[in-house]
Amino acid sequence: MPDAFLPELLQPLVQALVQGTLLGGYYAIMAVGLSLMVGVVRFINLAHGDMAVLGALLVITLTQGLGLPIFAAILIMLPVMALAGYGMHALLFERAMRGGFLLPILVTIGLGAALQNSMFGLWGSNTRSLGADIGALSWASWTLPGGVLVGQLPVLVCLCAVLVIGSLHLVLRHTRLGRAIKATSTDAEAAELCGVDARRARRAASAIAVGLAALAGVFLAMRGQITPYSGPAQLIFAFEAVVIGGLGSVWGTLVGGIVLGISQSLGGLVSNQASLLTGHLVFLAVLLLRLFREWTAAHGGWRASVRAWTTLHRGRFARRKGEKA
Amino acid sequence: MSLFTVEDLTCRHGLLTAVQGIGMSLERGEVLCIIGANGAGKTTLLRSLAGVHPAALGRISLSGRDITGHRAHERVRGGIAMSPEGRRLFYDLTVRENLVIAAENGRKGDWTPARVLEVFPQLGPLVDQEAGKLSGGQRQAVAIGRALVTNPDVILLDEVSLGLSPAAVEGVYAALAEIRSRRDMAMIVVEQDLNRALGFADTILCMAEGRAALQGPPGTFSRARITAAYFGMQDEETADA
Amino acid sequence: MTTRYRLGGLSRLDTTLMAAGAVLLALLLVLPLVASPLVVDKLTLLMIYVLLAVSWNLLAGFAGLVSVGQQTFVGLSGYFVLRLVEAGIAPLPALAAGSAAVLVVAWPLSWIVLRLRAAEFAVAMWVIAETIRSLVMFDPLVQGETGRSLMTLNAMDADLRRTIVLLAAVLAVSVALVTSYRLLRGRLGGESQAIRDDEEAAGSIGIDTLRVKRTIFLVSALGCTVAGSLWLASAITYQPRTAFGINWSVFMLFMVLVGGLGSFTGPVIGALLLFAIQEVFGDYGSWYLAGLGVVAILFALYAPGGVVGLITGRSLREPLSMRKTLVAPRG
């Protein structure tokens, strides 16, 4: 669409930037729950993405199977999933956490496998979507000057992300539960000594995390199609957003989500395949940068650390020559 | 019936017995100072009283109620608070948040964050600072304040003067004396400074290798005996008895 | 004489087990002469499972590194073999060279990922598997989702191919078992045990923790790549989505956790169990896989030592233990 406002070459680029930012909102909702788990419970729930898919499938069954309006279905599903998160923590994670850092990872991988395949058994292999249940919203869009199309649903999801993250921020800062969660994440034993039930705080954090994952899952099913095996990919995206945004920071996940979304949609200009790849590469680059920073910080600036490294190794080579001689 | 009674308390770290057969009984307004060399089991004893280290044997009761099996936060709500070894503040939260968390999860009573700021006036201008940016004395004040705002019947204070400047120690003890004068709670203090402990305590408990080497009002023991017990030497008077 | 830490000697049970293992492997070598093609194929699969389980156990049980991304090496070796065959190399040398070539990727990778913390390492490895899969799928040779078959291998006589692959698999398993036995009974075993117990303390007494972890990471990667090549040789078709699939990790996790994490015999027992369960319940498809997940959770929570742990708990003596214990001074 030629337009005076935007040069024709730039139009796809701007379009990708806008879409990537909005996509980032979705990733942020996925990621903020994971970030909360990492921050408070101190482990990564590898079944986080599968919880999202489960939430979405529940809503699909409530609307398409039982004929409930979608909004009501979401309102029923959210507390159910939050309760599931609470119970999952009480039954599985607490026991696993007593066995060091290996067991929680093992348990959540097992949980992921169990969830995906049970969902496959229950809901079958068909791809499913909530697109039909939200009517025009699923495809309606606004046209910005320059011919840039903005989908109404992505805008809604992105606004929702800001709302969710903003309210989580407020809850953590200004409510008793939020402060208890923050205290537990900083120092669980000290929190107990202040009268905080650290176990309950962790369970609550897990409930919030799973609830948010399920909400994200619903948006995923509204935007496109899901299968029982869509979860792992969502976990990876959420993890990437958390790492890009900086571990444990609530607003950071929004930034991380948007960076990931933009990387993917820019990569998508090349091909579908390239879209995911670009996201992964940006994540790996951020990870490398962080490791490099940690390394230099431990050696007093990067110049000093390179110098230290070379002298160290020169010494080693010299010794070896000496030994031979 | 005493306010706080401990009978035959024994704690282990794996196979090592860190605390063995400790007993005590305290009333409101009483101060017990625990002294002893490093590794004598003072901190483990205090942690066990607060509920963050399990008791292997023995019984702890508060106002006649057996609380041995209660977890730390349940004990806080029952009326036992501790300022732990190393202060353990929430360093990325503000001083106010540190106090509020303890206040809203502990018991309601006279002690509020505002009153803590009256007792420790040096905290006044710092309430909105992150706790990680405070000096040693200020951190100690926050840690004690955090224990106070849960309105305990028994307050446990670990390492009261460790790492503080002499002026800061004076300040902390002035505040503790004021709290004690109200006689509304019993106080158990781990103190490295022997003179300070002897001057402040109603009862001292000197620990050596996990056991009570000496226990009683400070006036009843000779200085030599206390020093001997402190360094874990054979106590002749008790050995004869 | 000073008190020293060292391995307890081999008990009668241990030597019997070793002898039995050797005899079994030797029997497998002559088996293709008599067994039906189906049995040979199944046994090859079993050998691949053992190889994967032993490799994963080295990583998780001895270096304390839980990876959800070892499928990187499974998938990548298949791809390299495919490329080498395309370049005109005969299929059998290509299978060997493909396995070795993966180390070129694993080595630089180890410099990065081993600096990550526990759970981050797990997921980062997964992301790396996905990244490499995306890259592989860019190669037109692989034909995206469709995948490609190893035509030249298909052209070989089917029985001969099966026999060779099984022999190679038995050989690989033997080498893997002997190598990890020697590694773990040697200095590396003690160092890795120290790291697993307390990484910081291990570092402070002069153990180069990164070097120990890197060695184990590379050995484990090599095991997975050989398994990947063998799998391609027996399955012939290469599909990136299967080759890089997360199911490999789920299987490895299941075998090691159920067999006995950090024990020498555990992964072998786990592989036998997975193989048996797959034979019996494999037809239930997704419910079977869900069941594997549930069993893994139950073992992780209630029997973290796996089957070996349960046996050891009864007899107080772990078969073929790699654990260094205090040995009283003699004389």
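All chains are identified by letter, namely A, B and C, in their written order; residue positions are counted from 1 within each chain.
We adopt the following convention: a contact is a pair of C-beta atoms (placed from the backbone, for glycine too) under 8 Å apart; a residue touches a chain by one contact, two chains touch by 3 or more.
None of the values given here were measured: they were computed from a predicted structure.
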Contact-connected components, subunit A excluded, all else fixed in place: B | C
| item | value |
| --- | --- |
| Most distant chain from subunit B by Cα centroid | C |
| Distance between chain centroids, defined by C-alpha means - subunit A, subunit C (Å) | 30 |
| Euclidean distance of C-alpha centroids - subunit A vs subunit B, Å | 44 |
| Inter-chain centre distance, subunit B versus subunit C - centres from mean C-alpha coordinates, in Å | 53 |
| Set of subunit B residues in contact with two or more other chains | none |
| Overlap residues in subunit C, where contacts from two or more other chains coincide | none |
| Junction residues of subunit A, two or more chains touched | none |
| Contact footprint of subunit C on subunit A as seen in their complex | 38, 43-44, 46, 92, 95-96, 99, 101-107, 109-118, 120-121, 228, 232, 235-236, 239-240, 243, 273, 276-277, 280-281, 283-284, 287-288, 291, 294-295 |
| Subunit A-touching residues of subunit B, taken from the complex the two chains share | 50-52, 71-73, 76-77, 81-82, 84, 88-93, 97, 100-102, 104-106, 146-147, 150 |
| Sites on subunit C touched by subunit A in the complex | 60, 64, 66, 68, 112, 115-116, 118-120, 122-124, 126-128, 130-131, 134-135, 137-138, 144, 246, 249-250, 253-254, 257, 261, 285-297, 300-301, 304 |
| Subunit A residues touching subunit B - in the complex, by the definition given at the top | 176, 179-180, 182-183, 186-187, 189-198 |
